[in-house]
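These are the structures in question, set out in turn.
Each of the next two complexes has chain A plus one more chain, namely chain B in the first and chain C in the second.
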Partner chain A sequence: MNIYGMGVLFNRGRGIASYEAALRQGWQKPSEVEAPYGPGGTYPVYQVDLEQIPDRTILKKMRRSDKLSKMAVLAAHDAVDDCGIPDIRQKNVGIIVATGHGAHPTTFEFLDGILDFGEAAASPTVFSNSVHNAAASYIASVLDIHGPTLTVTQFLFSFQAALQLAKVWLEEERCDYVLVGSADLYGEVMGYIGNSMLTTADDGKIRPFHFKPSSHVPGEGSVFFLAGNGPSQSVYCSVADVSVGGDQGDGAPADLIILDADGMLPDETAYLASVSGDIPAASYTPLFGSMMTGSAFTCAAGALMLKNQVLYPNPVVDNPHDVRLLKEKTDAPARAIHCIRYNAHAERAVINLRGAP
Partner chain B sequence: MENTKEQALSQVKKDLKEMLVSGLSLDDVTPDEIKDDEPLFGEGLGLDSLDAVEIVVLLQRNFNIEVKDMDQGREIFQSVNTLADYVIKNRK
Partner chain C sequence: MKGERVLITGCGAVSAAGMNRSETLDVFARGQRNAGPVTLFETALPYPVFEVREIPRAFFLEGQRTLSLALIAADEALGEARLSKDLSSYRVGVCMGTTVASQLNDIEFYRSYRTHGSAPMTAAHRYVNGNIAEHLARAVKARGPSLTVVNACSSGTDAIGVALSWLRSGLCDIALAGGADEMNRIPLCGFGSLGIVNEGLCAPFDRDRQGLNLGEGAGVLVLETAASARRRGNAADLYLAGYGSESDAYHLTAPHPEGVGLRASINRALAESGIAPQDVSFVNAHGTGTIDNDVVEGKVLRDLFGADVTMLSTKGFTGHTLGAAGGLEAVFTAAGLQEGWIPASIGFSTLDEDIGLAPARKKTTITGRYALSTSLAFGGNNAALVVGRDGKA
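After this line comes the complex of A and B, so read on.
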């Protein structure tokens, strides 16, 4: 499966250029949000500010939608625009959205509405946005895409499950292309839960290679990929394999291992089993924050590096376990990158990216 | 007395305009830009049937007023003026 186009929206802006700039520039302190239920008064959060999006064209078509759908549509739109396939809108394009928690602030808003005003005065607009498939529906509607749509939730492996499904849809020729990506949102309730159950990095700096205690800073954003099985010219990379759990994939060697260690697990020492070899390791989670679908951002970093043949250094290099880290920008040719995520059961998921032939 | 009624009507219109802008997420217009007699639907403010359902909910939440008959709603929802008259007459 080849990646033809990408769209990225995160705390440091919209578009591939913003993401590339973040990879080049390294870590930046996130914003602070009020923490009404927790100690300390504020949390660090990598928050997306939609007010800063200069092009309002798409957002004007979505005044009723919530933030999750807006983020997803912007990233999906940019992936379609980026793909360079002239007749893409005439093709049968499927949509798969991976999300860890979906539009949970909207769901809570709807429930609060019932509690505060009664069932009869529950907002129909808020209800429609709280439905789990709302973001996928908005993408289909705003981008005028008529293929199948699906929303996938599988905790920390949601994006991997979405990628696997995209490969199946393409292999079965259920669609010509698949717009596959992720969207996750910060919300006050999840902020409280995260701060209570995980170790929040008070200085806003995720330290991916500490492993235990891990460090967590909530993030939000959306990444989309326009993927297909067509010609491999002008692609970012190919997704050679996506393995989850017991299936360890094709075992092909990699030039770089990217870890999704982001503090979403209190103990991330399982990652040590994947970084014991000679292959350098990196983690870009300090650029976009902790989220269930952070693997999509990691995958975007891998795709960019394979296309540009540049390996970006770790944004945070605290390294108490003496892992072999990628510390400097490297222009050596990269053929393959493995993106690795562990879940709470120490199961491993590997996205095996390969450079274009 | 008349002056107090005028003030109450003016305040309701102001509240309604703020309710419409924030409750319907009208990004392109401010409360002050909505004219009292401007049609809310179609050529005027450009609202649609989904907004009408949301306005029913907003009236209930903000003014404790129920609009059960949507045929009646057509008359009430013509403009801020008609909405304000209905609110003044039915406010509990």
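After this line comes the complex of A and C, so read on.
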């Protein structure tokens, strides 16, 4: 499966150029949000500011939608635009949206309506937008895509499962192309839960190689990939294999291992089993924050590096376990990158990316 | 094994119509409607609902009713497939559809948070441990792919379609697939706010239909490659012949007036099955009893299959079970082919001239080899499954 186009929306902007710039420039302190309850103060969040999006064309088409849908449509639109495939919208394009938590702030807004105005007076518009597949629906209608449209959730493995299914759909020719990606967002209540269940890095810096104790900084954003099985010219990379859980993929050697360690697990020492002295490791989670579907950002970083033949250094290099880290920008040819995520049961998911032939 | 037939070796169903498939078929035959007021939570809303009678102790999980329902249906399906609850020696995938179990919509948790700025984490822990596919996979020690589909009302059908793709691609040899959803206050308020819930009992495709009733339940299929079934010495005459899914790309809540996505989904499912519309012996329609759904779906079915098509909606027996609907209706579709009859489309009495299609008015004999089940969903998702029966087993 080849990746022909990508769209990225995160706290540092919209588009591939913004993401490449972040990979080059390294870590920046995230914004702070005020804690709405409790002892007060602020805490760090990698938030997307849609008001800063200069091109309002897409957003004008979805005034009644919520932030999750807007982020997803922007990223999906950019992936389609980026692919450079003529008449792509006339092809049979499938859509798979992976989300960890869906539009939870919209769900809580609907609950506000019930609590404030009664069961019979809650807003139908808010209810409609709170449904998990609203974002996928907006992608289909705004981009005029009519293929199979699916929204899936598997918490930390949501994106890997979506990518695996995209590969299957293409192999069985259910679609000509698949627009597969992720969308997750920050919300006050989920922030409260995250603070209660996990450790927040007060200085806003995720330290991916600390492993235990881990610390998280909530992030939000959306990444989409336009994937297909056609010619391999003008592609970012190919997805050679996606393995989730038991099946551990093709075992091909890699030039770089990217870990999704982001503090979403209190104990991330399982990642130590996936690093070695032979292959440098990196983690770019400090650039976009902690989220269930952060693996899509990691995959985008891998795809960019394989296309550009540049390996970007770790944005945060605190390294108490003496892992072999990629510390300098490297221009040596890169042929394969493994993107690795663990879940709470110490099960591993691996996305094997290969450079275009 | 790639390209091989995918058999249905087990089915399980739990809904207001019955705690298992056998009970359900009895209720179908009697034309009994087990609806009543909401008992599972306090509500001032006047809508009748279809609740499951009682969760057996062996399947009860505190605060995780959707998972309990899924386990009941899976247990029945595994039993019929002659599989134990420890599937660790097989390559098994689990794909389940849901709506309620995917959201943290615990109103007491949220009320506490709003009022006090804090809330017990019990609800949050249930939520993060409540992914339905993962839970079911761990319960049966499945080692293959695991995925929860959250495609609103087509979730169950799409989950079965995903499992079909997995099996055909060789990702697993056996899959548990279907959907589950519990009766919950949030969707009741939500559908109520949309003005599409009936204060009486639903009447799918009827001229005087007044909207849907909500229900709860779970429907699970054991799908299996023919090679796997052979290895286990299992025989099955039912199989999943095809799946189609297409988007309307039209509106968040309303179906496309011409049913473009539904039409394309059905055509795709028929093409995948290698059959023509006239090969379909009956259609188990989505048929919610809302004005919009039934007129669009009815027109599409009439166009594709003719005004004399044998069809029904089983939602008059179960209510609209949301993410479970596709799973339950796949089980009912398979049962119709296997048993050789379908029940009356309960609730229907008067033909709607705008639809021009009458569902089954009485228990109807089925003799064909193929049947279709359709689902339409919020967001313009449409999905269709073709179930086949070869009659050799």
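Here, the second predicted complex is superposed on the first by the 353 of 357 C-alpha atoms of A that agree within 3 Å, B and C clash if a C-alpha of one lies under 4 Å from a C-alpha of the other, contacts with A are read in each partner's own complex, and residues count from 1 in each chain.
Here is the rule we go by: a residue touches a chain if its C-beta (ideal position, glycine included) is under 8 Å from a C-beta of that chain, and two chains touch if they have at least 3 such contacts.
Values in this document were obtained by computation on a predicted structure and should not be read as measured data.
In the superposition on chain A, A:Pro124 contacts both chain B and chain C. Look at A:Asn133: by the touch rule set out above, it reaches chain C but stays clear of chain B.
More chain A residues lie in contact with C than with the other chain of the pair chain B and chain C. By the touch criterion defined above, A:Val316 reaches neither chain B nor chain C. Look at A:Arg63: by the touch rule set out above, it reaches chain B but stays clear of chain C. When the shared chain is aligned, chain C comes close enough to touch A:Ile145, but chain B does not.
When the two complexes are overlaid on their common chain A, residue A:Tyr192 makes contact with chain C while staying clear of chain B.
Touched by chain B in one complex and by chain C in the other are residues 120-124 of chain A.
Residue ranges of chain C in contact with chain A, taken from their complex: 43-45, 99, 102-105, 107, 110-111, 113-114, 116-119, 121, 124, 128, 131, 133-134, 143-152, 158, 162, 165-166, 168-169, 171, 185-186, 188-195, 245-253, 260-261, 264, 377-381.
Contact residues on chain B toward chain A in their complex (touch as defined above): 24-28, 50, 53-54, 57, 60-61, 66. Put simply, chain A touches chain C in their complex at residues 36-38, 95, 99, 101-102, 104, 107-108, 110-112, 114-115, 118-124, 127-134, 136-138, 140-141, 143-155, 157, 161, 164-165, 168-169, 171-172, 174, 189-190, 192-193, 196-197, 244-247. Chain contact summary for the complex, chain A toward chain B: residues 56, 59-60, 63-64, 117, 120-125.
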